[in-house]
Structures are given as C-alpha cells and as structure tokens.
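The structures considered in this document are given below.
Shared between the two complexes below is subunit A, which pairs with subunit B and subunit C, respectively.
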Partner chain A sequence: MSADPQISKVSTIPVGPLHVALEEPMYFRIDVDGENVTGVDINAGHVHRGVEYLTMKRTMTQNVVLTERICSLCSNSHPETFVMAAENIAGITIPERAAFLRVIAAEVKRVASHLFNVAILAHLTGYEMLFMHVMQIREIAQDLKETVFGNRMDLAAMCIGGVRYNLDAEMTAYMLGALDKLEPEVQAIIKTYKTNSSILRRTRGVGVIAKDEAISVGAVGPVARAAGIDYDVRVVAPYAAYNKLTVPVPTLKDGDVWSRAMIRLYEVANSIQMLRDCLKLLPGGAINLGERPDIPAGRAVAKCEAPRGELIYYLKTNGEEIPERVKWRVPSFMNWDALHFMFKGSKIADIAIIVNSIDPCVSCTER
Partner chain B sequence: MTTRLPTDIEARLLAAAPGGIEFSSEKNVQGVTYAWCGLAQTADLASVAKLLVELGARLSMISGLQPPAPAVEEEEEEDDEAEDSEDKAEPVEKPAPTTFGGTAIDGTTYEINYHFDIGGDTLTVIAYAPHEGSVPSLTPYFRPASWPEREIMEMYAVTFDGHPDPRRLFIDASIDKAVLERLIPYSTLVNAASTKDLWDRVLAGKGGQS
Partner chain C sequence: MNFLSLFARNLRRGPYTEAFPFGPAKTPEHLRARITFDPKQCEGCRLCEKVCPAGAIRFTRTPGGMTFDCWHATCVFCGTCEFYCPTKAVKQSNDWHLAHAQGEKYAQVEHGLIPNQICVECGAKALDTAPAVSHIKPPLSAEEVTELRARCPKCRNKYLRSRKTS
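Moving on to the complex of A and B:
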C-alpha cells in the first residue's frame, strides 16, 4: 500500500488514568502506528498521598502501623523493613522464634499476592473461569491470614524487636492443614498456565524484556528473574531466618508475560514449602523484646524481598521519638521503566496484559 | 553469580574522589556489608559513578533529606567537665557546624544519599548541596536515577544538572516547588479548598472575626 500523505500513520492514544483494565490509576500516553505501539510516556501522581511526609510527623512506634498502610498486597513487607532499619540502628538482634515468625508472615503474604496477580492475568485474557478458580484457591491463603493474624490484608505482625503474634500447637496444625489443601491446587494451576492454549497464546512472546535491558532499568523481583537475573534479597542479603532455610530462586530466560507469571507461580509453590519448613523448625522462646526499645541517633539501610521484589528503607534518627527522615523505594518504582522495553513492538490489545505482568502497585509507587 | 563489595573499596573510592571521602563499613551477623561514603566535593560524584558502573553496582534508591540545624540547648546539656572547659574558652566562638566537605548544617542544606546494591551489599554514597544548589545527575551512568532525581527536585529546592527530563514526577506543575520543606494544607495540595462560608463559621466558632 502506498503511503497517503493525507493520513498520519502515527497517532497517540491515552490509556488511563482510569481504565477498565487497570487496577489503579496510572496514565500512559501511547504512540501507535496502526496496531503497533511505538512509544510510551508514563505520567504518575494520581494517588500521591504524602505518606513520606507523614512518617516524619509520627513516632517510631506509630510508623510501624502507618507503613503497613502504604500498600495492601505487600502490606507486611513495609513494617518488616522499617523495623529492620530501626533494629540496625539500635543494634538489636531479634529472638530466634521471632525471626521464623517474620518469615511465616512474609511468605503467607507472598502466596496471596502472587496468586492475585496470576488470577488477574487470566481475567485480562478473557478466561473468567480460570480467574475465579485462582481467586477461590487464593481464598485458602486469605482464610489462613484471617485465622492466624485476625485480618485478611494488614497482618499487624511486626514490631521493633520482634513480632506481635504467636503460634500454638492448634494454630500450627491448622496452618499445615491449610497448606496441604493449597499445595495440590497450586500444582494444578501451574500445569494449567503451562499448557492451556488460551493463556499461552496471549502471553508467550508478549511484552519481552531482554536480560541486559532489565539490568539497565534496575528491574527487581519476578520481573528481573523472568529475564534471567538471578537475584533475590532473601538469598544475597539474608535477613530474619532466611539463612536457616532453603530458598530456591527460580529464573527463566524469555522475559515475556508468561515467564513472569510462571516465576510467581513457582514462588508460590516454594513459599508453601518454606512455610512448612518454618513450622517444623520453629524454635521456642520469646517473640519480641517485651518492651519498646529506644532507638538512638543513627542511620541505616534495610531491605527485604517483598512479593514484587527488593523493597529498601532508609532511616535516619536523631535520638528523638520522631525519625528525622524515613525514605523507601518500592519494587514497582523500578519496574515501571521496564514497560518502555516491553511495549516496543507490542499490539494495542496487549497493553493491559503487559502492564499487569509487572504486577504494578501505584499506591506503593506514589506513596 | 553476584560479586560482592570488594575489600579494597575504600582505596578505590578514594582514588575516584580526590576531593576526599568519609568512609565507614560494617558487616552484620548474616554477612551483609553496609558501607557509607561521604563525598567532600559533589564534582567527584561522576567519577565515583563510573567506578560503580565498573563494579556492576545497581542504583537502588536515592534519598534526599534536609538535615535540621543542631539544637542549641543540646550543647549546654553536656556534662560538668565539658561545661567547665567551655567556660574557660568562652571567648573562642565555636565554628558553625558543617558536613564533611564543608557544607553548612543550618537546616537549609541538603544531603543526597545514593544507595547502591552490589550483589546484596549496600554502599551509600552521600553528596551535600547548598540551598538552591545542584548536584550532577547520575542518569548518564545509571538509567534508574531518572525518577528518584525528578522526585527529589519536586520535593526540595535542589536540582540535578544534566537530567534529560526534569519534569515533575508525581506533583502537579501548578503546585509551588519544594513541597517537602513547607507545610501545605492538604486541601490546597489536592485542590479541594472549601468555601469561605465554612472558614467564616470556623472563625465565628472560635470567637474571632472573619
């Protein structure tokens, strides 16, 4: 077809900030040439709430509660990393039982978070039955959280010097039972995502990011591991009780939407095994220091592997109750830039599925 | 697969930053190193960044902060001995507090912390900038520097020289700059200011006049 000078081949379309396929508000200005995406500009700030400012007006103890409310799916990772930073400044070593209980809280959250993301993937491919099935399986993890922690999302498990919940024999038996129910279902879901042609057709070779591109944008978490980067904070910078556990780090090479979903599903299966290991190895003793420790003046960095990847906190204190500066960077903050590479050459119809594949958290990103 | 922070990092940082460095490093019980490196001159930032690119570092986060001026009362509360010696030396005026490198700590200057990850170890490089000052942008060396630098530019009165896209990141362009340095009423920030009637009623309730 000869080019018609009257008709511009390239046009710009808006996606968001409010869009049926996006879970949270983010605005993408997408340049398209026919069906193909040629460029994207990301415009953020629609749910900026100033939580960072607020943390500098609250005491250390209040901030444990406040940071849990930055995000819902990785709510536990925020107070976990914040208290780790405070403990680094004060030189506190938490009791061994508390270290294991921290891992249990974190891994239960990871299971629920990852299952939510792969469920939404099924929804975006139009496979509603699979979406509802995965959400129903995820409900086992939600019930587990509600039973053990008393809440479906915010666990309120962390405190400076340890944890705020304990497990007795009855609760441990219940958890093992729930994990036994969950595990075969997760294996079946993995098989479905590996073989189902509806899923494969929409996700294989879509939204590809190469390893060197993922390194250049500083991608973290499942987005990085699906592109072949063997990096997991739990292994390279162990914290809590991860140095006493076997932490498998699955990686894939293709860097497409499907690989990212599979990494999350493998991690769900691994987390279930790690939860069982924790319950088996769980030592006795105290769950926290029994008092609110004073945090002296100092500075510290702490990081953990949140469901979406590396979460890092910087804390500066001056000996007062209120910290001088609290700063954190969530994994999604890094992974947005990866979209510039993933969108290259993709189709308009795949935009939503690619955005979902980085498991973006907007309220986390903008705080 | 990952190389950790090299043992001779201090010497290599010093070679890259001829202006001088303030280095400290600590390894925790789980074998993870947290190192800190203050730079005397922000001009050295580029050569330090080049070194860190060679080492395969990943720019993990940039934290900007505006350290408050040290409280005056605290100095008086020191123990008796210190007080005695201070009495004798009273005519000698104490030098104004400064950061490493000589930037004043008077509540208006900035400390920019660059947190680098090297195979799980964390190296924090610190640059100091005066109020309304600038530091070189690290975007030529580290692509992930872009968003954090834009965020710091909208939060504080500091700029990153050479940033390719210095637009606002989260905060709307119509809002005054350096929002983190001032109290901005939430209603103004979200453009949801209430009517004058409500304000009049609030004042009337307090017994004042509008």
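Moving on to the complex of A and C:
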C-alpha cells in the first residue's frame, strides 16, 4: 500500500473503559503505528464513588467497615492501615497476640490476591486450563477465609485496638491442613510459570520497565520488586508482628510481565511459610483492648504492604467520633504511571497482559 | 505441572462445584450471615444501632416497649453489632439463605420487642431489659439478677447501691 498523505501514520484507538484485563473500568487512549504502541493517555475516574467523603460522615468504628469495602482483593489492608493510623493518634499498643493475628489475616489475603492475578495472566494468554487450575487452587485459600473469618473476601478481622477474630486449636489445625494442601500446588504452579512455553512466549520481555524508570515513577510492590527495587514495607517499616518474623523479599531484574508474575508467586510461597511461622509463634493473651478506645485530636500517617504494594493512610481527627479527614494513597495509583514505560514499544495484543501485570485495583484508586 | 495427570486427577475427583440447590452446600460454622436478635438478653444500650456502618439496625420506642429491627437487605454482614454487643443478644448466624421473592422484600427484617414491665418496687412503667451486670463486683447471683431485672432503671441503681453498702 502506498503512503497516503491524507491519512496520518499514527492512529488513536480507545481501550476500555470496560474489560481491559479485569472487569474494571480503566480507559486508555492509545496511539498506534501499525501494531506498535507509540503513546498512551490514561483516563481515570469512571468508578469514583466518593468513599473518602463518606469516611468523614461516619464514626471511626463504622469507618473500619467502610474502608474494608473500598476494594475486595486488598480488603484487609485498608482497615488495617486505617486502624493503625487511629492507634498512632491514640498511642495505643495492641496486644501481641493481636499483632500476630493481623499478620495472619494480611498474609492469607495476599495469597488469595496474588493467585488471582497470576490466574488472570493465564486467562489473558489464552491458557484457560491453567487459569481454571490456579483459580481452583486459590479456592483453598478462599475456603480458609470462609471457615476461619466467615467470609470469602471481607475478613472483618480489624478493630481499633486489636483484632476481632480468634484462633482456637481446631481452627489452627484446619489452617495448617489447608496450608499443607496449598503449598505443593503452589510449588507446581511456580514450576509451570517458569517452564511453560505458552506463558514464557507471551510474557518474557513484554512490558519492560527498567529500575531507574520504576524509581522515577515511584513504582511500589511487586512491580518495583520485579524491576530490582528491594523495597517492602514489611521490612523497611515493620508493623504488626513483622519484626518478629522472617520476611523474605524476592526481587528480579528484568522488570517484564513474567518477572512480576514470578514475584507474586514467590510471595505466595513466602506468605505460606510466614503463616506457618505465625501459627507456631502465636502467643496467648488478649486479642483486643476490649473497649472502643477514644481517639483524641491529632494527625497520623500509617502504611502497610498491601498485596499490590505500599498503602498509605493519612488520618486527621478532632477529638470527635467522626474523623475530620481521611486520605489514602493506594499502590495502584503509583503503578499506573509505570504503564507509560511498559507500553513503550509494545504491541496492541499485549496491552491487556501489561495492564494486568501491574495488578490494577481501580476501585481502590478511584474510590 | 503435567496437565495429563491433572486431567486424570480432576476426572477421578469429579466436579469441584457444589450441587446447590440440588444438593447441600458446605457452610462453615463461623460463616457471617443472617443477624439474629434475642430480646431477652438485650440490655437496651443501643450500641449495635450506633456502630452499624450500614444503618441496618433501628430501635424504636413504641407504646408496647422498644422494638429492634435489622434489615437484612441493608446489612453488610460485617458483624460489628455482634462484636460490640455486651450480652451477645445480637448474633450473626451462619444462615445465608436470604434469597426471596420481590414481593417479600420489605419483610426481610429481624424483628424483636423489648416489652414494658411494671417495676416491682415503685410501680413505674419501664423496659424489661437485661440488667448490665458484667462489670459489677462481686458478681451477682442468678436470683439477684432476676430481682434486679424486675425493677426500673432508677430502682436498679438503688438496688445496686444498697447491695454495695450492705
């Protein structure tokens, strides 16, 4: 075909706002030259629900539940960070058992969240059988949550001053049994993702972000660790009981889609080990302070390592039951910008895989 | 992972999905589902109403006493009410069968009445709530709790004061 001067060489196509990778609304305006992506414009705000405003209309106790419902996959990290901020203001130290129980809740959620993302990767590469298999293995973690916490997604584990659930001998035994079932399956999945040629062909060298680029956009979580940045809130600023546990931080150098998936899978394996350690070290005693503690006037920042990366909460109170301001910075917000680098030089067909590889949580980001 | 062996394993095991509604669905004991209310145990402190993030719980003063209503369609199953209830009058059962016909949607309510009673000491009309006794030392005996319960709030305070001094 001869070049027509009337037709621009670069054309713009819309991707989204629905069905990019997950069924979450993200809208991309992508400039393409043939099959190659030359530029990207990310448009956000399709599911803005005004949750930050709602937190200023509800009491501290009610906000623990409200923040849990911002997002489903990191539904434990939000209330955990919120109560940590409240405890910082009130100067509360939670009982030791509660600290360990918080770690258990967080790590169970991390296992389920990472397996979900890795399963979707298989789905996007068109490998439906692997997708079904990983989702089936994830079901062990879902059953664990339902049996121990009472819900498949919203654990309702957190309260200001501790946790709301307790583990008895029967539940501990059940959890250990479930972890024993989960571990060999996860090891087999890791091996598959390492060796399967369908997965490798679609993910190696795709959506690459270099270490300095990742630092420049402030990438966090598995996206940063896959680009070689050794940063994990659980290690650099330990909260709950993480200072009493060994927290391995896997890093890879390539910064491609495959590395990010592998980081998630390694973290699943590490989380299983940490859960076992927690159950072994779990001290006795109270699980919370019993009362609804008064939160005095003050300001605090708290952060935790959500499955997607560093989650930061800012809380300002004025001594009343209703907080004056709650603000949070979610990991997906930082990782969105990394997409600009990842899309550079990629093909249209890889867009969905690259978007999925940052594990975007749009409901957190746009709240 | 050898997918042929996985295939054989899945073939042997059969479907992972549950046969519900044609068969039983596994329900864990601790599942957080439908709220239940026992008016006999309620202290009438209305803390559950205050902490409920969804505003599903409402207490209303009626000529007959005080009613408790929890709207299942509004409830988010967070369990905050049960957690803060001092006597566990509000509980979360593991009954998740909440599907209903459209016509019944306004009947999806857990309803309870804390009736009025006549105080045995002063004859005033007061709510027949469970007395708040968990913090009282030394602990009250079962007879003392029954005696305390039959009184109005004022006479309850009087009863406890006289118990302290005697």
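Definition applied: the second predicted complex is superposed on the first by the 358 of 367 C-alpha atoms of A that agree within 3 Å, B and C clash if a C-alpha of one lies under 4 Å from a C-alpha of the other, contacts with A are read in each partner's own complex, and residues count from 1 in each chain.
The rule is simple: a residue touches a chain if its C-beta (ideal position, glycine included) is under 8 Å from a C-beta of that chain, and two chains touch if they have at least 3 such contacts.
No experiment lies behind these values; they were computed from the predicted model shown.
J.: Since both structures carry subunit A, what do subunit B and subunit C do when superposed there: clash or fit?
T.: They fit: once the shared chain is superposed, the two partners occupy separate space.
J.: Pick one for A:M274: touches subunit B only (first), subunit C only (second), both, or neither.
T.: neither
J.: Go through the superposed model and pick first if A:A99 touches only subunit B, second if only subunit C, both, or neither.
T.: The answer is neither, since A:A99 touches no partner chain.
J.: Could you tell me if A:E366 is touching subunit B, subunit C, both of them or neither one (first, second, both, neither)?
T.: Touch status of A:E366: first partner only.
J.: For A:C71, decide between first (touching subunit B), second (touching subunit C), both and neither.
T.: Neither partner.
J.: So in the superposed three-chain picture, is A:F149 touching just subunit B, just subunit C, both, or none of them (first/second/both/neither)?
T.: second
J.: Does subunit A have more residues touched by subunit B or by subunit C?
T.: Of subunit B and subunit C, the partner in contact with more residues of subunit A is B.
J.: On the overlay, how many Å separate the closest CA atoms of subunit B and subunit C?
T.: Least C-alpha distance after superposition: 17 Å.
J.: Once the two structures are superposed, pull the subunit A residues common to the subunit B and subunit C interfaces.
T.: Touching subunit B in the first complex and subunit C in the second, no residue of subunit A appears in both lists.
J.: Flag every residue of subunit A that touches subunit B in the complex, lowest number first.
T.: The contact residues of subunit A facing subunit B are 44-45, 48, 50, 52-53, 88, 93, 215-218, 230-231, 233, 235-239, 243, 299-301, 303, 310, 312, 314, 316, 318, 324-325, 327-329, 333-334, 336-337, 366.
J.: Within the complex, which stretch of subunit A touches subunit C?
T.: 58-59, 61-66, 68-69, 129, 133, 136, 139, 146-151, 154, 156, 159, 164, 188-189, 191-192, 292
J.: Of all residues in subunit B, which touch subunit A in the complex?
T.: Checking each residue of subunit B against subunit A gives 1-2, 28-32, 34, 36, 58-61, 63-65, 67-68, 113, 115, 117, 119-122, 124, 142-144, 146-148, 168-172, 180, 186, 189.
J.: Tell me, which parts of subunit C touch subunit A in their complex?
T.: Spelled out, the residues of subunit C in touch with subunit A are 1, 3, 6, 16, 28-32, 50-54, 76-80, 83-84, 92, 94.
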